[in-house]
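Chain nomenclature is as follows: A, B, C and D, assigned in order of appearance, with residue numbering initiated at 1 for each chain independently.
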Amino acid sequence: MKAIVDLCVVPIGVGVSVSEYIVACERILKEASLKTQLHAYGTNIEGEWDAVFAAIKRCHETVHVMGAPRISTVIKLGTRVDREQTMDEKVRSVQVKLQ
Amino acid sequence: MKAIVDLCVVPIGVGVSVSEYIVACERILKEASLKTQLHAYGTNIEGEWDAVFAAIKRCHETVHVMGAPRISTVIKLGTRVDREQTMDEKVRSVQVKLQ
Amino acid sequence: MKAIVDLCVVPIGVGVSVSEYIVACERILKEASLKTQLHAYGTNIEGEWDAVFAAIKRCHETVHVMGAPRISTVIKLGTRVDREQTMDEKVRSVQVKLQ
Amino acid sequence: MKAIVDLCVVPIGVGVSVSEYIVACERILKEASLKTQLHAYGTNIEGEWDAVFAAIKRCHETVHVMGAPRISTVIKLGTRVDREQTMDEKVRSVQVKLQ
């Protein structure tokens, strides 16, 4: 089952600057060969369900090892069985109609 | 790694009444022996990471088999390594201070 | 327009213990005469749109005044125009079918 | 108070294709002169709190008028008082460290 996911990892207890933790997560997602797109409030991910969630688990494990005692993550998770759809198609279907 | 999760599964393309799909997910979570608490905008879940996400995957598979062509789910996901914490403790720590 | 909301306020930069901030938000919601239900990963709120979002704004203002330099909040927000529905009805419609 | 928001509006009861509703919301956000960035699972918004939430309310009103009986929206909402930060800076602070 393919999934399109929006991932937002929020480390708690490490101060206000959290970009180094986000960077570590981005690297984990890339190493997992997942298609990703960073934005200002998270990262879009496209891939097979098991690969996506294995990578998200590694993100939590890594952010804890880096020193964050607590993490509060938000995941938006889309699956569909009527047809295949990519992240690019989702964005383009809106952009085309906007013009 | 233990996780406290808030799960909200939204079936799309099956009309406005979605409670039968939520019921199916509740049954899957119970069968997985996860501790759960239903509320008005989702379900709190407490358990081991792998058990929680295996159950969430079965929820998506089942809701699709029941006829939903598309699902948009929201997951809030908390882990901590400084100490153990249960769902009950989270609620009580607020309620005690409220009084 | 009536809304059913799930609110989860996460103060950042104040350490791992955040319950005092959640307590302050609970008090603001009560003072606003909104119907609320605390759970382990947020608070359900039922009320008129403007009253709900005015209270959420006061929560952010107050949590900042209490010392949190940064806040990352998650809001699930449901509205419907086909019929009225309360938080209690949402929970009961699932519980009845579960039995 | 300035806010950086991630908005994801999910119309329910109108079938699986929802891009026309997202297009309507994008237009409302532009007309409100808010800075926005569409992605594959929502739209980032930067602006003053009141302007942002007035626009989100218009999105719900409009999507209902367009025929959606029910809407389930997810909002991630960030505010900070330690310093100003734009959406562009958030993305760049991660991208710079990634290289």
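The working rule: a contact is a pair of C-beta atoms (placed from the backbone, for glycine too) under 8 Å apart; a residue touches a chain by one contact, two chains touch by 3 or more.
Here the structure is a predicted model, which is why all the values come from computation and not from measurement.
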Furthest chain, CA centroid comparison against chain B: D
Interface residue overlap between copies chain A and chain D, same or different (over half shared): same
Pair in A-B, B-D or A-C that repeats C-D, with over half of contact pairs matching by residue number: A-B
Euclidean distance of C-alpha centroids - chain A vs chain C, Å: 25
Distance between the centres, which are taken as Cα means, of chain C and chain B, whole angstrom: 18
Centre distance in Å when chain A and chain B are each reduced to the mean of their C-alpha atoms: 19
Contacts with two or more other chains, residues of chain B listed in rising order: 13, 16, 69-70, 72, 74, 76, 78, 80, 82
Chain contact topology (line, ring, star, complete or other): complete
Chain B contact footprint on chain A (complex, rising order): 1, 13, 49, 53, 57, 60-61, 64, 69-82
In the complex with chain A, residue positions of chain D that touch it: 4-6, 8, 16, 19-20, 22-23, 26-27, 37-42, 44, 46, 74, 76, 78, 80, 82, 87-88, 90-91, 93-95, 97-98
Chain D - residues contacting chain B, complex: 10, 12-13, 15-16, 18, 69-70, 72, 74
